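Listed below are the structures to be examined.
In the two complexes below, chain A is the common chain; its partner is chain B in one and chain C in the other.
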Partner chain A sequence: MPKAKRPKIAVWKFASCDGCQLSLLDCEDELLAVAGAVDIAYFLEASRAVVKGPYDISLVEGSITTPHDAERIQEVRRVSTFLITIGACATAGGIQALRNFKDVKEFISIVYAKPEYISTLDKSTPIADHVKVDFELRGCPVNKYQLIEVINAFLNRRKPNVPTYSVCVECKRRGTPCVMVARGTPCLGPVTQAGCGAICPAYHRGCYGCFGPKETPNTVSLSAWWRKLGVNDHDLVRAFRGFNAYAEPFRKESERYEQR
Partner chain B sequence: MSKDRTIKVDYLARVEGEGALYVKVRGNTVTDVKLKIFEPPRFFEAFLRGRSFSEAPDITARICGICPIAYQMSACHAMEDACGVAVDGQLRALRRLIYCGEWIESHVLHVAMLHAPDFLGYESAIHMAKDYPDLVQQALKLKKAGNEIVAFLGGREIHPINVRVGGFYKVPTKNELRELVPNLQWARDAAYELVRWTGSLEFPDFEQGYEFVALRHPDEYPFNEGRLVSSKGLDIAIREYEEHFIEEHVEHSNALHSVIKGRGNYFVGPLARYNLNFDKLPRLVQKAAKEAGLGPVCKNPFQSIIVRAVETLYACEEALRIINQYEMPEKPFVEVHPRAGVGCGCTEAPRGILYHRYRIDDQGTILDAKIVPPTSQNLKTIESDLRHFVPNNISLSKDQLTWKCEQAIRNYDPCISCATHFLKLEIERE
Partner chain C sequence: MSDEQFIIEGTDFQKLLDALRQQGYTTVGPTVRDGAIVYDEIASVKDLPIGWTDEQDGGRYRLQKRNDQALFGYVVGPHSWKKFLHPPVLSLWKARKNGKSFEILPNRNDSPRYAFIGVRSCELHAIFIQDRVFTNGKFIDPHYQARRQKVFIVAVNCVQAGGTCFCVSMKTGPKATLGFDLALTEIIDGQKHYFVVEVGTEKGAEIIQRVPAKPAQPNDIQIAEERIARAAQQMGRHLDTTDIKNLLYRNLEHPRWDEVATRCLNCANCTMVCPTCFCTTVEDVTDLTGTEAERVRKWDSCFTMDFSYIHGGSVRASAKSRYRQWLTHKLASWIDQFGTSGCVGCGRCITWCPVAIDITEEVRAIRESEQVSKKGE
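Right after this comes the complex of A and B.
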C-alpha cells in the first residue's frame, strides 16, 4: 500500500526578530511529534535541507520593509496552498512600523554612516497588505500552543480555535484581580486580544498590548480611564504605539492624542 | 577544470536571521570573502529616540527572539548607570538566574539543534533525531529546563515581561523558586553528559591569533557586570567602550562591523569568556571541561561547541546555587528616578558582549541610543576564519566545501537578526 503523503510545511522570514519561528523549536515536548506528522520542507532556522514547493502550509514571520521582500512575498503566496502569518510583525508591521510615523530617511542616517548602502521602503507593513492571508496569528511573540492549534486546524481543514475576546477574559479565568481597579495601574488589557494567557497582570504590571487590538475595541473609553489615572497625552501616544502600533484601532487612537 | 571557482550559498541555514556568504577562490588562494547581511534593517536606535527610559528593555528585547534577556539586561544596566542606581543583593542574583536560563536555552539550541548536525553529517536535528533519538530528546529536555527558568521568572520564554529598570515587577517566594530545583538537578547531570559527548566529536585542526574580548568580574564568571578585558592586554571600564571599539559600515552588509582601534578584528562569545575567565569556573565545571579534552585556553573555534556545553553546565550549577541561597527581597525593584545624563551597559549575551549606551533627559526621554550586538563584533573574525579555512580545504567537492564553510560560520552561532540591527553562502572559484 502506498504511504500517505505527509503535508509539507514551510517557514518564511521577513523583517523580524526570529522569535515567532523560534516558538516552533520551543515546543520541546511536541517538536518531534510535529516533525513526524508533517514534512518540514523549508525551515532555514532549523535545517539546511530544502524541499521544493508547492507547500501545503506556509508560516510567514516578519513584515515587509524592502522592495526585494515585497516581491518575495508574492512568490511565497504562489507556492503556498494556505498562508498563515505569525506574530505582530507579520500581522501589523511590528515595532519597526514606528518608522511609519516618521521620515525613514532620517532613521537611516541615524543608524548607518553610509545611507546610500541601505535599501528600504518608507513603511513597514503587514503581509496582508501585499497578498491574501488565510489566517493571522497574533502576538509578540505568538503563543506556541496557539501556533500548534492553528497548524493542526489547517491540517484537518477546520477553523482554528483562537478567541478574539480581550485579555480581561483571561484575567478573570486566571483569577487575577484587575490591576487597573485594585492597583491603579494603567492596562491595555480591555482593548487587547487574548492569547498570551494574561501574563502581565499576573506579574503585577499592566498589559502592553503585544497581541494587538481585540475585535471592536473601545479605545476611546479606555483612554479616558487612563487619563483618570493620571496618564498624559504623550504617554497615551506611546502606549498605543508599541509592538502593534500600525494596527488600525491602535494607530487611530495614538493619532488622536498626538494632534492635541 | 578552470582554476577559478565561486562557491555561493544564497540563504545560510541554521543561523538566526538572513545572510549569505560569497567566497572567491583563485587556485589555492581566497581572493574575496563577503558575509552579506540582507536581513532588513529595522532602525531600533532611531525609533528609541523619544521613548521613555523605562521602555528600553521591552523594546530592545525585540531585536532578538533568541536572546531577549541579554537585551533587557544591557538596557536596564545602562539606564541604571545613567540614573545613578545600583541593583544588588537578591535582585542582582535573580538577574543572574534568569540569564542562566537564557544561556541554557540558547546554548543547547545551538549545540544540539544547529551545530551538532554539521559534525554528524545531517541536514538538521530533525533528520539527526532518526538515528540519534536519545541525544535529540535529551537535548530538547535540557533546553526546556533553561526555558523553564526564563518563563518562571520572566512570565514567558520569548520576550519575557517581568524585567524592568530597577529589577522586576514581581519576585517569587522562596518556595515558589524551589520548584525549579528537581528539573535543574536533572539538567546539571544532562549538561555534564552533553559536555562529554561534544568532547567525543572530531575537530579540524584550526586556530588563528585571535584577540578574545569578554567581561571579567573579580568574584564570578561574568554575566552582567565587570571590566572589559582582552587576551592582548585590554582592560577597561564599560564606560570606556567607545574609546576603544569602533563600528564600520561596509557596502555588502546591513550590519555594522566592529573593530578594536589600531588592532582590527576581535572575537567575542563563549570561547572568549572561557579563555579569559577559566579560573572563575567552579571545580566541577573545570573538571568536565578537562575530561572533554579542553585546557584552560581553547583557540579552536570548532571546539566552541564543547565550550557552549561547558557553559551550559556552569549555568545549571550557578542557577542551583542562586536558588539555594535565595531569600525573597522586600521590594521587587529599586526605584529609579530619571535624571539627565548618559548611561552604558554591557552584559554577556550567549553570543558575547552586548553594549548599550543611552542619553536621556531629566524626564527620562531617550535622546539617543547606541546598540552593539555580539554578532556584528564577530563578523570580521568570521570572514577572516573563512579566508584561512578555505585554502586548507580546497580539495573538497563544491558541496562539501560549502557545507564546511557553513559549519565554520556556525562556530560563532551568528545571530543575524541581532547584527542587523546577517547569511547566503557564495563561494566563487575564479
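Right after this comes the complex of A and C.
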C-alpha cells in the first residue's frame, strides 16, 4: 500500500490507567503489521512524534471525569472520522465510576490537602455520553485480538467480529466446565459479554464481569441464584460494582440489592 | 455378526486401548479435569476417571469418590462427542487476493481418526441424530462426514443413572443397541472386575482378537442385563412424550413461557452442552492489509440475538421467544424436520443450566395445565 494512503490513526487518553492502549503495544507479533498498515499519527504512549489531524481512526481510552476533558473530547470528535472507544472506562465510566454512587465532594475534602485546587465532575461517564461513538470495544483491559480485529474491520470496511453474547459461550467452546455448576463458585459469566476468551473460569475463578453486561442480560435471575449459593446482599452489590459498575444493567442490579 | 459375547478382565483394559492405538486411532474418552469428567485424549487406563462418580441435579454437578475402582462409574459430563465430530471452532477456507481476483487456498483440515471410549447409549443416539442433520439428504457436511466415517466407537452401557437422566423416557437407553463397534458392560462384584463385551461390527471383531478375551458365559450376560435394568429404574428425571409435538404446538402462547423467561439467562449453556444442538455461525476475517481472508465456523446458539438477526433487528428479541424456540425445536419441530426427537434424555441441559431450568419440568407444567383446564371443563 503506498505510504501516503495509509489511514492515520490516533490514540487518546482520558481518565484511565493506560492498560488498554498498552494492549496495542502488547500486540507484539501483530504490532509491525499494524504499524505497516496504518500511520500511527498520535500515540503519546508510544512516541513523542505527533502528526497533525484530522485522523481516520481515533482510539479513545478513558472516561470523562473533569470539565476540561468534557471539552477535549469534543475536539477529538471534530478531528476524527471514526471514533472507537476502547475499554471499560471509555465504554462504561470504569472503576472510577464508583464515585457516581457517592458524593464526590466528600472524597475531595478527605483526600486532598487543598480541595480547592481540584476541578472534577460529580460523575465519571463513558465517552458515548458526550459525543457520537462509532464503535465501543469492551473490556478491562480490552482483548488485544479484538482490538486488532476492530482496527482491521475498519480498515477493510467490514463489520467487526465482536460478539455480544455471554462469556459462557466462550467457556463452552474451549471446554471449560462451568465453575458455578461444578464448584458452586459465583460467576458473572452468564450476564457478561464475551471477548476475553473466558480466562477466569479456566483458572477456576468466577467471571468478574470485566467486559460489562452482555446483550439482554438477566441479572435478576443470576443474583437470585447467587443468593442460593450463599452470597449475601452486600457481596452482590460489590460484585456488580466492578469495572463496569455504571453500565446500566449492572448499576440497576447493585442498586436493587443496596436498597434492600 | 455373531451374537457371541466376550469377557475382558479389568486388568486387561489397557490392552484394548493399546490395540486401538496400534491400529492408528487417537483414543479419546473420559478423564477428570477442572472438577468434572470431560472428554479428552487418553493414552492410558490411568487417564480414566478411576473410582470417581458424578452427582447431578439441576444446576449442580459434583465429583464424588466411589468405594470401588470402576473405570466408567459416572454418567455423562459437560462435554459430548460432538466436540470431536463437529468442532467448536473450525476454519472452513482461506483466500488470497490475486490482482483483481482471488484464489481459494486448499483447506488443510486433517481430521484425526478417533476411537471414542465410553460412549453412552444416549450419546450414540445423539450421534445418530447429528448424522441425520449433517450427512443425510442433499447437503452433506464434508467436515462432519470425514470425521464420522473414521470413528471407532466403544460404547459403555450404563449400570447406574444420574440425577438428571431420562433416557428411558426418550427410549434412548440405558443399553446401547445400535451403532457401536464394541459395547461394554462394566461389572464389579466383590474382588471381580471385568467387562462383558458385545461386538457390533467387523471392525469391532478385529480389535477384540487383539485383546485377551474369553467367551462370556450366560451367567455373565445375565448379570450385565440385570445391572442395566437396574439403571433403567434409577432415572432422576421423567418426560412424558405422549403426543408431545401437538402438545407444544397447541401451547405456543402458554403463560409458562413468560414464567421461564424470568429465570432464563439466555446464556446459551444448554445449547452448547446439548449433544444434538448443531447450529453454527461463520465469521469472515481479513488480515490488516486486506490480502488474505479466512472463513471460520463456530458453534452458535439460538439464545443469542445475532442468531435471528435480519435486516432491522432480531426476530427473537425476547428471552421468552428464544427459550420457546429452543424447547419446541428440540421436542416438536425437530420431529417434522428430521423424523425424530432432538432430545436424547442425557440431562446435560438440566445439570449445566446455571439456574437449573429443567426441560422435563417445563413440559410437565404445560401438560398439567391442560389437564387441569380439561378437568375444569
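By our rule, the second predicted complex is superposed on the first by the 256 of 260 C-alpha atoms of A that agree within 3 Å, B and C clash if a C-alpha of one lies under 4 Å from a C-alpha of the other, contacts with A are read in each partner's own complex, and residues count from 1 in each chain.
In this section, a residue touches a chain if its C-beta (ideal position, glycine included) is under 8 Å from a C-beta of that chain, and two chains touch if they have at least 3 such contacts.
Treat the numbers as computed from the prediction; the structure is a model and nothing was measured.
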Could you check whether chain B and chain C clash or fit when both are placed on chain A?
fit
When the two structures are overlaid on chain A, which partner does A:Glu28 contact: first (chain B), second (chain C), both, or neither?
first
Looking at the overlay, what does A:Ile40 touch: chain B (first), chain C (second), both, or neither?
first
Quick check for you: in the superposed arrangement, does A:His204 touch first (chain B), second (chain C), both or neither?
both
When the two structures are overlaid on chain A, which partner does A:Phe14 contact: first (chain B), second (chain C), both, or neither?
first
Please indicate which partner A:Thr81 is in contact with in the superposed arrangement: first for chain B, second for chain C, both, or neither.
neither
Angle at chain A, chain B to chain C, CA centres, as a multiple of 10°?
110
Tell me which of chain B and chain C touches more residues of chain A.
B
Which partner does A:Arg99 contact after superposing on A: first (chain B), second (chain C), both, neither?
first
Just checking: does A:Thr164 make contact with chain B only, chain C only, both, or neither of them? Give me first, second, both or neither.
second
Can you work out, in whole Å, how close the C-alpha atoms of chain B and chain C get once everything is superposed?
10
Residues of chain A contacting chain B in one complex and chain C in the other:
202, 204
Any idea which chain A residues touch chain B in the complex?
13-20, 22-23, 25-26, 28-29, 31-32, 35, 40, 43-49, 65-66, 68-69, 94-96, 98-99, 102, 104, 106-108, 110-114, 117-118, 120, 124, 140-141, 196, 199-200, 202-205, 208, 210, 235, 238, 243
Interfacial residue positions of chain A with respect to chain C in the complex
1, 30, 33-34, 36-37, 148-149, 151-153, 155-156, 158, 161, 163-166, 168-169, 172-184, 187, 189-191, 202, 204, 215-218, 220-222, 224-225
With touch defined as at the start, can you tell me which chain B residues reach chain A in the complex?
11-18, 38-47, 49, 51-52, 55, 58-59, 62-66, 68, 109, 113-114, 123-127, 129, 136-137, 140-141, 143-144, 147, 155-159, 161-162, 164, 169-170, 248-251, 254, 256, 332, 368, 403, 406, 415, 417, 421
What does chain C use to touch chain A in their complex?
33-36, 38, 59-63, 77-79, 83, 88-89, 262-269, 272-273, 283-290, 298-299, 301, 303-306, 317, 319, 351-352, 354-356
